[in-house]
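What follows is chain A paired twice: with chain B in the first complex and chain C in the second.
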Partner chain A sequence: MEKENNKTKKVCFPHMGNYFIAFKEIVEPLAEIISPPPITKKTVELGTRYGPESACIPFKYNLGNYIEALDKGANFVIQAGGGCRFGYYGEVQEEILKKLGYEFEFFKFPNDYNFLTLARALQKINPKVSIVKILYSLGLAYFKIRAIDKLDDYVRLNIGFEIEKGEFEKTFKLFLKDLEKDKKILSIRRTQARYLKLLKNIKLNKPKNPIRVVILGEVYVVMEPFSNFNIEKQLGAKGVEVHRHSSLSTTIHDLFFNKRVMKEFLEKARPYLRNDTGAHGTETVGLAHHSAKAGFDGAIHIKPFGCMPEVNAMSALHRISNDYKFPIIYFSFDSQTSETGVKTRLEAFYDLLIMKKQKNEQR
Partner chain B sequence: MEKIKIGLPRALLYHKYHIFWEDFLNRLGFEVIVSPETNKEILKKGVSLAIDESCLSLKIYLGHIDWLLSRVDYVFIPRIVSLEKKEALCTKFMALGDIARNTFKKEIKTIEYTIDIIEKQWEIFGILKAFSKFEKNPFKIILAYRAAKKLERETEEVKIQKQFTQIKEADNEKPTVLILSHPYTTYDALLGKPIVEFLKKQELSLIYADIVPKKEAMELSKNISRDLYWTYNKELLGAIEYYKDKIDGIVFLMVFPCGPDALVVNLCQHKIKNVPITVITLDELEGDAGLKTRLESFADILKIKKIQDGKRK
Partner chain C sequence: MNKDNKFYLGLDIGSISTKGVIIDKDDNIIAQSYLWTEGDPINAVKKVIEELKESLGKEVKIVGVGTTGSARELIGTIFNATVIKNEITAHAIGTLKFHPDVRTIFEIGGQDSKIIIIDNGIVVDYAMNTLCVAGTGSFLSSQAKRLAIPVEEFGDYALRSKKPSKIAGRCTVFAESDLVHKIQMGHTREDIIAGLCDSIVNNYLNNVGKGKNIEMPIVFQGGVSKNIGVLKSFEKITNSEVIVDEYGHLMGAIGVAILAKQSDKEIDFDFEIKDLNFRTSGFECGGCPNNCEIVCVLQGNKILDAWGNRCEIGREKALAKYKQ
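Moving on, here comes the complex of A and B:
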């Protein structure tokens, strides 16, 4: 009887960038997975229709994912949690979905979790699976996330300069496919090394001194390309070297493995910040200050509309931009943001960077 | 010797802690200057200074600081990160000092200290550190702190008792309405006060969600929300539970765009079923005709409901 109970659990969780295959690793041993369809305009529309008006955009994406997955037959919903508003998403989303008439169980990560408490909590989904197994799958997921980020970083820096267009993307897709099959830490490492080599073999036509831009901001919109209208790809197509620190692996690293990193960001943010401004705000300011000093050409700050920590950081960013004559462009995304608007502003920003660069070189 | 002038912006947490702050600073021999009630000038200045997407309350706060700058030596900006274990506040309260310093650059001199119970930074330590350069004798600071805290407690108690007697003596004809919003919205001259005045004219009896026995409210809030971790919102939700048998309606005042409230209000609308709720979102665009119509019709609904309920009994 009990066994049957576990079998009927059909778990779903939201999309975020390419990380879906890593999250899958955690849940797979526990229960069946119903993956929500890829994010489309419809996802946002669903989230916007049923979500609170002034909730930030990741809330709406997540909610849309859930609705689409529940329609596909899922009956168990997973939501993580964290600083700022993210930790409170769960309860509100649960109420909204219940009101819509879905029948499901809701699982939210415990507040203040570490690997062990998280594994313990996950065990409740399926008590038959041993805690060691869950910890192992958490480890696998972590290594997959790291592999994805490692390669993604390389792609981001070079995709603008490939000679044969589309080669990077093709290789990266193959990599994700292979990575999905890996079930051992060692084989993940091997896949990572193999594809990194393949990527490095792709011929580049890179000028000595390309335009270098840093992407800053709130992690969800930074990591989910659909939510930022593929800003990185658009920049790449123009021949820009795109740098970015925030990714899931650095977030996990900073939160669990090396908490000193946060203090270092605060150090870097001086004298613009004296105290932590919450969630990733400090990181944003620290990185902006650092990259302004390091001679980057400009920065792009992206966030969901009304994101509390990032708005806090913006007053400091304005000042950094002023003091170092460092161009920063600000995008804030919600369900009403139009793609053309973003594109136009991005193009103008690119033109500005080019002109500034030429002017500096002439001197 | 001339007294050092310390400025308190009449916005945000001033409305919650002003008794303690004023009394404490006075006891230490400072001259306390409080900015005037929010007016259109202050709002306009604040809007022009702040980042567009900041919440209206923060914009007003910056406007108040701007008013104070030319008149005081220091601006008093405590930084509150957490007041209870495993709880937090809106992130703007932890960034206020940095926002102010970045907005006003070198013109501003601040007195800041941090309260963060999670990191074991208690208020008294922060205060001792922040005021050590003005007052050499730490015992004086501690005494002033304790006396001011005592005064704060007593005033709170009086307020609660007053609200209780008001509920007791309320005649049964008038519907009772709970004003549910942060004190910095309710008591602001430009945001909450006009609405409160208007509702009073509609012959409603008003009680305030921020006047409630705090500890009990915090416990009771769990009946509505399981995971809520914003201390101030928890108090407000607790107040709904605390007063729920005595009220006929709830008016939720929310500034745009308030991060925590956006989610909490939605949850309330789903979970509270037997009390009518209206949600009023305030922004810097004026024009209150639509607002008044809504409030009037809400008041009418409550009155009709009250009469019908009375007949049924």
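Moving on, here comes the complex of A and C:
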């Protein structure tokens, strides 16, 4: 066992939004990476076929990613964990993949991890790599995540108003390509600044008082556009300014750097919530209450079908919606959700917001 | 023919029925038609246009066309519609024309049901059924068939009942097995049908209507609103008056005609369009594992539009396929 050959470790991990290039940073010094192909219908189909029927949709996407990566030759699987059923998904997925006959090692993030315990655990993948190096790559990953989110926020707010269609997307793609190459924190910061400037130079045709909509809900379906039928892009195309708090950097920030934030969300959620709902439900209610007071036009709540923390949040959302006359629509995503249904409801929601706005302006 | 007289066509192409109306500039209905879609929306619309033309009896100048319903994109593309609108907005606009003070719209159609909440003349909340057809028109008609009663007489049977049976309403499958059970236990058909009407209403209020602020005046629309049994159940269970009007089934078409009138665009609609040959053709893209199902709309051999693609590859393939 002395001579462990790490060359043979081929690591894979799931996709989520654009974050793959950041996750890559963590694993790169440790072992070879096998990237699962981009999420497609095939990914969901695989996940649905082999996953339990009642598991929520992120489970199925992850499982599909694993199967597609294992088929490409991966032999080492990484899964994180969270504050709901997600915390137990790793074990179940490992079991399913083993039963399917794949040979691999499974790595799950330690419980209640922080940067140091996570780095220690990761070191076991390749003990030859120093803990300092691993901590540094965690740092790189963090800065990449922050850069992605920073630019993504700007795009979300403005993409609906670009004069030349497609410019934002084109620039953002170039940004991701360049970001992938950055290997130093300083160069990440530079790329971020350079592209933010480029994005800000894109010509806009934005009214003074655009429709502003908040996206709330469970983080995976919020962050993975394939799983929510590109809801943000659909809204943008209608000329809506899209706001969202949930992103990987805010999640990391709230979990590790400033734990008080969670308490503040509960504070903001009063009087609609008194106790924590679990996972991100409290955040959802807090943000909804805050946005209703701040004069946003409406909110869209999205969740995987059967997501308990978000179901808990919903009854509070109904009351907020009533009290503040704040329109909220709800979507549950599942492998069976029809895209047409989502489109119809989204169109109607937009009509509702615009008619309400026109009526208010007439007064 | 007076040149100032402009008219507008509204088409509502649903899963089960296709509705068409022509309105004048003051929103008066001057022609209407209601036919079965029978799984062929293009043909159904052609027939509707034919019927509208006949009932007009004179030539009118149509400058706006609006489409709504589940085939709105398809028909809108073919007939070069000025407005393509979702059925929620269309129903709200249409209903507000006849009932300006309406607060709640119940709509139960062939395969979907929705609730629209209106405050001060604008939509403030709405919901549509998801996943399941329980409590919609197709469920009612399949149960009518089981009981060998024409669906049109369903309502009268329900009214004769003194003591409606309790039928589980959460899901079509549960409702059906419960219904069979009650039949075999010897409940009368009248009681069962009345129970079915109650269960549809309860199912509707507990799913689509969940958490919604239901206030009077309430207008009930869609094909199922023609069923007096369901109407009475609604009145009983919500303990309020529920309005059904003669144009209930046409509201979507009227709404979208009004929206076509309000739009800035004007077209020159030609009734002869119904004689042109339109068809659709589908293929699987195969450009990536998504395998999007692309639908191409063709006039003769000319491609009008294509959809179903998630990215540009599918569109290019469709255009290349039908390139002259």
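For this structure, a couple of remarks:
Everything below uses one rule, namely that the second predicted complex is superposed on the first by the 359 of 363 C-alpha atoms of A that agree within 3 Å, B and C clash if a C-alpha of one lies under 4 Å from a C-alpha of the other, contacts with A are read in each partner's own complex, and residues count from 1 in each chain.
In this text, a contact is a pair of C-beta atoms (placed from the backbone, for glycine too) under 8 Å apart; a residue touches a chain by one contact, two chains touch by 3 or more.
Just so you know, these numbers come straight off a predicted model, no measurement behind them.
After superposition on chain A, the partners chain B and chain C are seen to fit next to each other with no clash. Of the two partner chains placed by the overlay, neither chain B nor chain C lies in contact with A:Ala74.
In the superposition on chain A, A:Ser332 contacts both chain B and chain C.
Contact with both chain B and chain C is seen for A:His318 once the two complexes are overlaid on the shared chain. Within the superposed three-chain model, A:Thr340 lies in touch with chain C and out of touch with chain B [touch as defined at top]. Greater residue coverage of chain A by touch, when chain B is weighed against chain C, goes to B.
When the two structures are aligned on the shared chain, A:Lys108 is found in touch with chain B, with no touch to chain C.
With chain A used for the fit, chain A forms the apex of an angle whose arms reach the C-alpha centres of chain B and chain C; rounded to a multiple of 10, it measures 80°.
After overlaying the two complexes on the shared chain, residue contacts for A:Ala55 are found with chain B alone; chain C is out of touch.
In the overlay built on the shared chain, the residue A:Lys42 is in contact with chain C alone; chain B does not reach it. Once the two complexes are laid over each other on the shared chain, residue contacts for A:Ala292 go to neither chain B nor chain C. The least CA distance from chain B to chain C in the superposed model is 5 Å. Residues 315, 318, 332 of chain A touch chain B in one complex and chain C in the other. Contact residues on chain A toward chain B in their complex (touch as defined above): 51-56, 59, 83-85, 87-92, 95-96, 99, 108, 111-112, 272-279, 281, 305-306, 308-309, 311-316, 318-319, 332. Contacts from chain A toward chain C in the complex involve residues 37, 40-43, 315, 318, 321-322, 325, 327, 332, 336, 340-341, 344-345, 347-348, 351-352, 355-356, 359.
Every residue of chain B that touches chain A in the complex is listed here, in rising order: 50-51, 53-54, 79, 81, 86, 88, 90-92, 94-95, 97-99, 101-103, 105, 112, 114, 225-230, 256-260, 262-267, 270-271, 281.
Contact residues of chain C toward chain A in the complex are 70, 85-89, 119-126, 128, 130-131, 211, 213, 288-291.
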